[in-house]
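Here it is: the structure, laid out below.
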Amino acid sequence: MLVVMQAHATEEQVRAVCRKIESLGYRAHPMPGAQRTAVCVTGNRGEVEAGTLEEMAGVQELIRVSKPYKLVSRDFKEENTVITFPGTDAAIGGPGLAIIAGPCAIESREQAFAAAERVSRAGAQFFRGGAYKPRTSPYSFQGLGEQGLQIMAELRDKFGMKIVTEAIDNESLELVEQYADVVQIGARNMQNFSLLKRAGRCRKPVMVKRGMSATLEEFLMAAEYVMSEGNYNVILCERGVRTFADHTRNTLDLSVVPAVQRLSHLPIVVDPSHGTGKRNKVTPLSRAAIAVGADGLLVEVHPEPDQALSDGMQSLYPDQFDELMTQVRQIAPVVGRTVAATSTRETAAVVSS
Amino acid sequence: MLVVMQAHATEEQVRAVCRKIESLGYRAHPMPGAQRTAVCVTGNRGEVEAGTLEEMAGVQELIRVSKPYKLVSRDFKEENTVITFPGTDAAIGGPGLAIIAGPCAIESREQAFAAAERVSRAGAQFFRGGAYKPRTSPYSFQGLGEQGLQIMAELRDKFGMKIVTEAIDNESLELVEQYADVVQIGARNMQNFSLLKRAGRCRKPVMVKRGMSATLEEFLMAAEYVMSEGNYNVILCERGVRTFADHTRNTLDLSVVPAVQRLSHLPIVVDPSHGTGKRNKVTPLSRAAIAVGADGLLVEVHPEPDQALSDGMQSLYPDQFDELMTQVRQIAPVVGRTVAATSTRETAAVVSS
Amino acid sequence: MLVVMQAHATEEQVRAVCRKIESLGYRAHPMPGAQRTAVCVTGNRGEVEAGTLEEMAGVQELIRVSKPYKLVSRDFKEENTVITFPGTDAAIGGPGLAIIAGPCAIESREQAFAAAERVSRAGAQFFRGGAYKPRTSPYSFQGLGEQGLQIMAELRDKFGMKIVTEAIDNESLELVEQYADVVQIGARNMQNFSLLKRAGRCRKPVMVKRGMSATLEEFLMAAEYVMSEGNYNVILCERGVRTFADHTRNTLDLSVVPAVQRLSHLPIVVDPSHGTGKRNKVTPLSRAAIAVGADGLLVEVHPEPDQALSDGMQSLYPDQFDELMTQVRQIAPVVGRTVAATSTRETAAVVSS
Amino acid sequence: MLVVMQAHATEEQVRAVCRKIESLGYRAHPMPGAQRTAVCVTGNRGEVEAGTLEEMAGVQELIRVSKPYKLVSRDFKEENTVITFPGTDAAIGGPGLAIIAGPCAIESREQAFAAAERVSRAGAQFFRGGAYKPRTSPYSFQGLGEQGLQIMAELRDKFGMKIVTEAIDNESLELVEQYADVVQIGARNMQNFSLLKRAGRCRKPVMVKRGMSATLEEFLMAAEYVMSEGNYNVILCERGVRTFADHTRNTLDLSVVPAVQRLSHLPIVVDPSHGTGKRNKVTPLSRAAIAVGADGLLVEVHPEPDQALSDGMQSLYPDQFDELMTQVRQIAPVVGRTVAATSTRETAAVVSS
């Protein structure tokens, strides 16, 4: 249920409505909007009894939400959610595209810094790198763990980039939350509801990747799990779905971008690296992702893809990423978007080092 | 097998090689290239015996082609195939994007002309419209048949557009071939090998739409069927594949565009109307299709979508198509493409009418 | 629309109703049932006007059919359709299981006879063999054509088997219809509506194989196409659908068997050979098909699978087919089915030859 | 790598080999077989150096395992794994079929006991019931938690059934491990590698359900994760995969049963309830599962399906389960299997209560 407050309702009136909702055993999610504040009521006890809520001061109307997703829905919040990072101009969901780049896994300080230097210089404001890797085989490289997180923290200081990295369970989330700027929940964990709830109690924005065979509704419900625990800074990420097609590792479903944007206020980015699994398809599909209206890209870039411990086949060479950024800069304005300038500071830093 | 001729081989030497191949019971497909002519040998008797071919005058080398597709392959023809239409500047596969637009089905002269006037004015050089409709139900509207073809022929004269329309069997192909500029083979017939062979003997270019669950190789083999009969003017069309995803009617697989272009010299266009099945997704996916590098678009536009006898849900309003064209014009140069100017002649025609 | 006649309606009354329907421009399909005759009205002009039909002598009630399939539906015909073959005890859809076995393609008289002798001896009453083969590549063996049909006709005389073979276009259907006992429409042609209509005008029963990505409704509509032209002897065949799973060539969807039986009166058989693509999976999935309630099996058996010109990997050795039949005989009674006895006549014939 | 010991190798020699392997930084998995003991070497440091291992006393040969799964493979253990439950005759993987039945979720003591009484009486030796439910929506009933586990523990005492129930994270696994006889890992967690590893350190057998879009290899690798931590009692469960087909909730892939049995020694059971999502399909697909060769069934039975808090649509009525068991008993002997007798003790217990 949605409690829509009057345009002139006071903060105290909103607080009173929230207290009332909590006293009934539900959870209240107040969301200030451009016109008015709405309070979403959630809880797993079925139908909410409107009761005296309707009569409270400042309440304009009660709206029953028939969709399974509530907090995620544009019914709850009409304006796009823009996720900002205090002290920087980086943002996800605003007019500027969020370019998130870096290697699949952090393998060493050298590799991470080499990647960061290049992607930062090319204009990426976000660095991606795995410290905890969900691998199909228990015998494959599983990531450097906390050491990987420490390398990324150093990297943030040096290059001024925001760090996006995956948590694979409650234990790793505990650490990722301390080091990272955005906590990534991987495709294989999109319906690990326990982890989603834990992410909903973390203080950092959460990026939820679409599961390999997740429907649009399941994708949105994963975000709803995070939001239902009080963390409203959620980013969705399309990374390809599993089909019969065998010319790419997954089938990148770009139509989900306008579909999400129609139903939800949350930002959505696209990962063409996992979405195709083939280096030579990453740039064309990145162009397509921007053209379709995505809020950003998540791209794998490795200083030496042929030596990568994981996903080398789909990682771009740094020069290819430069070229990709050039093309993205050309398409962005067509869809009313901007891209951060190439980092001259970092270029200078590199020259002097 | 591929017989590569020397750079200075004479036409008579090429003809002699072809005669030799035919005398061995195979079929010879000579293909002049920028550097040299190659002759592809096909036939279903298994391995070709090199025999005396290697020793013939003008022959440089014999190359065994291990891929199942031969004529379709870039090994056979390195340069992109550009399909031209004598007496006009319309082309498919060249630097200019091929914009093919019109209603799902021709319903009446009025409807067809209203659609043609608008899409022509907006810059489409190709008109699409179904006269023979493959419908899931035998009780649904099956198209106007030859009468529909006649309407389109009139339309070509009035608006100077090229006509693209579907043949659903040998009988309809006989007629379509007479009236149309491009013969379309629909997704449901992509493995109707009998129809593909017949299309291979027709004198018009053939557009083959990807089957709902066709792999890349099967898609290329459908084109190979057409080419194996001697018709080398084949256009491929991605129109979405069937997956578990339910937010769109099909899942548009844009990654197949660079995948086709890597392996084949044939042009490939994208149909975002069937590819999504939802009007509000057509424009974003059209932008993405151009950005990914497609050679053109196949878009359903209906003067009154709500009255359409088929596929109304996915047909654009003419005003939406105008807007789509504006966006396509902005993205085209980023990928080195041009779009035909809006038709001032037709605007004039309309104004005066 | 369904015109339900009174239990005591005379044949002349039924004929009068049919004449009236035809005079209105529709097609009438009278179907005598155990209790009463129903007349189904089809045609592609949308809603049928009940008009004076309701008032005609012998008419009990008019029922509007909301499902897209009408003739296929149990609403139209409650009792299972049993397809019989005059002069023999072979049947499809009755208590006896229909076992259809033989090689993928007829390669020679020797191969066909060797296969027929063995499958007949093991209890198969139907022989399958392709004379016209739809192949992914134009350069693969395409079948022996009419010569293959003649070999099967001989075989029918010698072994007393019914012949099931595929038609791939109107031309081949013309011939298949003359030689075969059941005309097969392959998976790739399940939505070749022109061919389905032609099959609907043929005098032999038609077996429609499910398309690789056909939904249940599309599968039933393919049968509806055949029936709408007046041929009510249709057999459905599940042969696996295309999914991401890569341990079998297709994913055999046995749940479609009870799903079809719930909605339709038509018999349905299962093809575990194409359904798995792997010889070692054919027997277990055959057992499962019988256990799930299928009306029969379509199994590939080749005297020398390793020498087969097509589909060798999925063809059983004759000894394996013997073993399969032994297991089928044991499961059949559990689901209330019988299997024809092993052919002692043929064993004798073989011994004496 | 596999270290194959000589047939007469002593236990001390096997232990010495294991110590050597551990000293090299790998993990040793000794597995006594009918003929000889094999020791599998695992660890995520890449290639194992054979070094001095080959020369050790009692070692016959070293075999490099090229498949990604090692402990799961028949190369490591040729004989079928049979999971037994001390003090009872219940087993999974032996000649007796494992019938696991009960409601989707434990809703109350009454509901659980009512279900247990009926399924036990009909011959099920295992009771399934969810205490922790992974639900698509955070607002849906999430299970009774530990209270549910306590109810099942009581139930075990009363009916002598083994308890199978799901753990959804490390916390719930801690508790499930204490109460249950088999720990279930659900389809959505099949690639929750952290949970799989934790399950590998638990003292109870683990049942891994196939993920919605898991390939055979990924399915086996999930089991490998559990085994790599030292828990060799793993049961696989096919529960349907996600495809385009819409007549069932999932598409039950019975071909995976013989596919698993060919590659692995682990038992595999089938869940026709989730596999179809429709009550009327559960019995036919259960028959098919037994016929295909599965080691057992996992079936949802609810005393009042229409009142169920989850999955009511796919739960059998107790009478339907009785009927299902009757049919299973008839098919079992055809595939060389037995089914536990109907529980007269329980019938008595019920009568006297």
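In order of appearance the chains are A, B, C and D, and numbering begins at 1 in each one.
The rule we apply is simple: contacts are C-beta pairs under 8 Å (C-beta built on N, C-alpha and C of every residue); 3 or more make two chains touch, one makes a residue touch a chain.
Just so it is clear, the structure is predicted and the values come from calculations on it, not from any experiment.
Asker: Considering only chains that satisfy the touch condition with subunit A, which of them also satisfy it with subunit B?
Answerer: C, D
Asker: Which of the two pairs, A-C or C-D, is linked by more C-beta contacts?
Answerer: Per the contact counts, C-D leads.
Asker: CA centre of subunit A versus CA centre of subunit C: separation in Å?
Answerer: It comes to 51 Å between the two C-alpha centres.
Asker: From the mean C-alpha coordinate of subunit B to that of subunit C, what's the distance rounded to whole Å?
Answerer: For subunit B versus subunit C, the centre distance works out to 35 Å.
Asker: Approximately how many whole Å separate the CA-defined centres of subunit C and subunit D?
Answerer: 39
Asker: Using the touch rule from the top of the page, what residues of subunit D touch 2 or more other chains?
Answerer: Those would be 213, 242-244.
Asker: In the complex of these two chains, what residues of subunit C are touching subunit B?
Answerer: Residues 42-44, 68, 70, 134-142, 168-172, 188-189, 191-195, 197, 212-213, 217-218, 221, 224-225, 228, 242.
Asker: What does subunit C use to touch subunit D in their complex?
Answerer: Those residues of subunit C that touch subunit D are 213, 215-216, 241, 243-248, 251-259, 262, 275-276, 280-281, 284-285, 287-293, 327, 330-331, 334-335.
Asker: Name, in rising order, each residue of subunit B that touches subunit D in their complex.
Answerer: 242-244
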